[in-house]
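Have a look at this one before I ask anything.
Order as written gives the chain letters A, B and C; numbering starts at 1 within each chain.
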Amino acid sequence: MTGAVAVSAASRRPPRPHTAWKGWLVVAVVLGITVWTGIAIGVNIPDLLGNWRNGLANMGALTQPDYWFFPQTLPALVETVQMAVMATAIASVVGLPISFAASRVTNPSRPAMLAVRSVMNVVRAVPDLLYAAILVSVVGTGVLSGTIALVLFNTAIIVKLVSEALDAVDTGGQEAALAAGATWPKADRAAVLPEILPSFASQVLYTFELNIRASTVIGLVGAGGLGMLIDKVRTFYHYHALSLIILEILVVVLVLEVASSSLRKRLTR
Amino acid sequence: MAGHVPAAASGIHFDGVGVRYPNGTVGLTDITLDIAPGEMVVVVGLSGAGKSTLIRTINGLVPITSGRLLVGDRSVGRLSGRRLGDLRSEIGMVFQSFNLARRTTVINNVLMGRLHHTPTWRTLIGAWSAADREIALQALERVEIVEKAYTKASELSGGQQQRVAIARALAQQPSVILADEPVASLDPPTSHVVMRDLQRINADLGITVVVNLHFLDLARRYGRRLVGMRAGRVVYDGEGADADERVFADIYGRSITAEDVLDTRVHP
Amino acid sequence: MSGPQPSAAATSGGHATPGASMPGRPTRAGTPATAPAASPPRAPNGRPVTDRPAPSSRIPVPPSAPASSSGPAGSSGPGRPNRPLHLARTLIWCAITAVVVLAFATAPLDWASLLRFPGNMIRYLGLMFGPPSLATLGPALSATLLSVQMAWFGTVLGVAVSLPLGFLATRGVTPAPVRAVIRAVLGLLRAVPEVVIAILILSVTGLTAFTGALAIAVGSIGTLGKWSYESMEAVDRGPIEAARAAGANRWQIVRWGVWTSAQPEVLAFWLYRFEISVRASAILGLIGAGGIGKVLADNVNFRIWDAVGMLLIVVVVVTVIIDLISGTLRRRLITGRWSAPRLRRTPVPAVGTA
């Protein structure tokens, strides 16, 4: 009896899938590409090891910031914060309505929504420093070019993040508003906006964080802020001054990150 | 009281109405039904019988594909855009899942009933007119939940949320109220409260009320007129009092079970 | 079933005992006998029982106690709550507005330049894209290739270093002080912008694409490390318990319990980080590390605008393509499907529901 059962049970076994090769293939491909890219960019280990002593000396200089340099960095630091604040403010005001146009939940017209999304994806594809470099040539060095560059960069990010949140929002209130005879813009404003506000505020804070980091470096191409100071200082290899600037950047970024992350947790509770 | 006042309650007239979905399935077949202004009608039937579809054709949420549907003197099938919005603003709808904007206050939810009558710029900056606020508060008073006007909607219980939803429908000053399984998510005592609210609204204000239910005892108790649906067709149309177990078994196509009755769930 | 209890106006009928009616609701003469169980007539707020008014669509105010009638719009009747003040929220808004206004007012903005900007921008856009320089297409593509290679190598390097580090920073793997140190280092690496890292490294390796790749690697270790340990800490405890119960040792638990659960998310992060690295490589090129950024910087400095236009187009197209590929792969990893489900807009009931 048992023998008969065992035979019939065994004959019902499915064939063993042989898909492990897929995983190994991916690993092999990745490794292959990595080796190829390594050669292309000129991985140079001997030089690296050779210059190590030089590097160590500089690293040493970096750990001894020149605190007396601090007052000279203040104007640049203030500029950095100003740019970040202005750009975040403008981008959030401009970005919110565009986000509504870019989400399939709030925009009844699919072609219009796709058009807005595509334009925003294109704008997002250009890194912030690139915008800054071009704008400096067009507008001149200083805070204006940096702010405009950041606004472009931020609006695209806010639109992407908020429209993704909108895609997932609870649409019950919107359904009721439409059934009560409201037009789409009215329904979105009255029923969807309150649902998305905490997420929106959280994304604005995140963008502000990104802005502080970005505005510290866009000065490298002349767009104002701490970056311009870095540029001045590195050409003279003043590592102690450079180290102070880096320390300032670190402090500002870390303080902001802590404040912002606790605020964001409270918002999205 | 200032504010737009529509004509007296509207009647609803189905004339050979059919609904066929794009993928070929048929939602409604040859529905001919006459609902007089100020009547209260309860629609019963199994899931999939077409109750929800029937209700949603009335305010155009589901488009009809054949026949004629009149609400008052307007033909729903021919309306679109602004005029469909006009019609919908006179038809209040109560949903099974309440459909409130959970993160904002009760009064903001009720004010959504006044959206059609408010210019867009006012909506954008959130500046409702004083007259609209008054209408909203009075609607809340009518369902006796005005003390919660500034509470966040998500902090209310299910029964309270449904009453806010009813207040939102009332704030439209409608001539018809549709209720799609309004008590399916509520427990028995709350269900009775909500059904009595609807009944009182029909009696006091004379608004035409059409309610979907699948609990038979509720249907019998609150439906003076009962319409039974099966497989997209009307199979019974008569007095609620006359509907006994045999009639229901007819409508359902099977015998009644405990699942079909509300109050037996309390005593298993 | 106990008798009806007077519940406070705040609680709803949902929690009242079966049969109790809402407090405060006046019973009416002539109500159809449909009220369930005995509901005692109530009028605790003094509302008199009313007669049935003439049917109309208006909402008459239920006749209330003497205090007020349906007076001028805006008057509050009895029972209506006052609008809440939200003091804290208003203060925060004022503070934020003050900071923003301050920033605008004190920044050294050249308002004249700002007014000229739109006109200027249109002119430059014309110079860049009408038409862009086709001759630059070849060099642009090869420079972009170099940038992408930089990004790939840097990301792979970053992944290789961040995975063990992230693992070591996971709760439950190393003692708390070690974990704190590792997390601090990761945080530090995250906080320093990549460009600054590149500047620091270039004294060791010179201004080459290799420098750029190293900078990308070091920069990504911070974020990838954080995401790794967050993912690993968030895994379902179930498979880990099962593995432990079956007698697996620590490494086996990690491989089969933790890694299998965390794997899709972590792989998705790697892909996402690659997207970011591609952008970073363009930026690093701007300060001289080679690739498309360098070509761009040169052309911008010499104001060869039609070449700039072509370069921008190439950058955008390549970035968008990489984003799309990466996004599709990530979606497949996380959700198991290749494309996002289409949203059903009209509330048409599905067949099968009433």
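By our rule, a contact is a pair of C-beta atoms (placed from the backbone, for glycine too) under 8 Å apart; a residue touches a chain by one contact, two chains touch by 3 or more.
Computed from a prediction, not measured in an experiment: that's the story for all the values here.
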Pair with more cross-chain C-beta pairs in contact, given A-C and A-B = A-C
With centres defined as the mean of Cα atoms, the chain at greatest distance from chain C is chain B
Compute the distance, rounded to whole Å, between the mean C-alpha positions of chain B and chain C.
-> 37
If you average the CA atoms of chain A and of chain C, how far apart do the two points sit, in angstrom?
-> 11
Separation of the C-alpha centres, chain A versus chain B, in whole Å, is 46
Note the residues in chain A that touch 2 or more other chains, in rising order.
-> 175
Two or more other chains are touched by the chain C residues 347
Residues of chain B that touch two or more other chains sit at 61
Along chain B, where are the residues that touch chain C in the complex?
-> 1-2, 5-9, 21, 25, 27, 38, 45-53, 56, 61-62, 130-131, 133-135, 137-139, 141-142, 144-150, 156-160, 163, 170, 173-175, 181, 186-190, 192-193, 196, 199, 203-207, 212, 214, 221-222, 266
Can you list the residues on chain C that touch chain A in the complex?
-> 99-100, 103-104, 106-110, 113-114, 117, 120-121, 124, 145-146, 149-150, 152-153, 156, 187-188, 191-193, 195-196, 199-201, 203-206, 208-210, 212-213, 279-280, 282-283, 286-287, 290, 293, 296-297, 300-301, 303, 308, 312, 315-316, 319-320, 323, 343, 345, 347
Touching chain C in the complex: which residues of chain A?
-> 30, 33-34, 36-38, 40-44, 47-48, 51-52, 54-55, 58-59, 62, 78-79, 81-83, 85-86, 89, 104-105, 108, 121-122, 125-130, 133-134, 137-140, 142-144, 147-148, 167, 175, 213-214, 216-217, 220-221, 230, 234, 242, 246, 249-250, 253-254, 257
Would you tell me which residues of chain A are touching chain B in their complex?
-> 170, 172-183, 185-187, 189-192, 194-195, 197-198
Can you list the residues on chain C that touch chain B in the complex?
-> 9-22, 24-25, 32, 34-36, 52-53, 55-62, 70, 73-74, 76-77, 79-81, 83-84, 346-349, 351-354
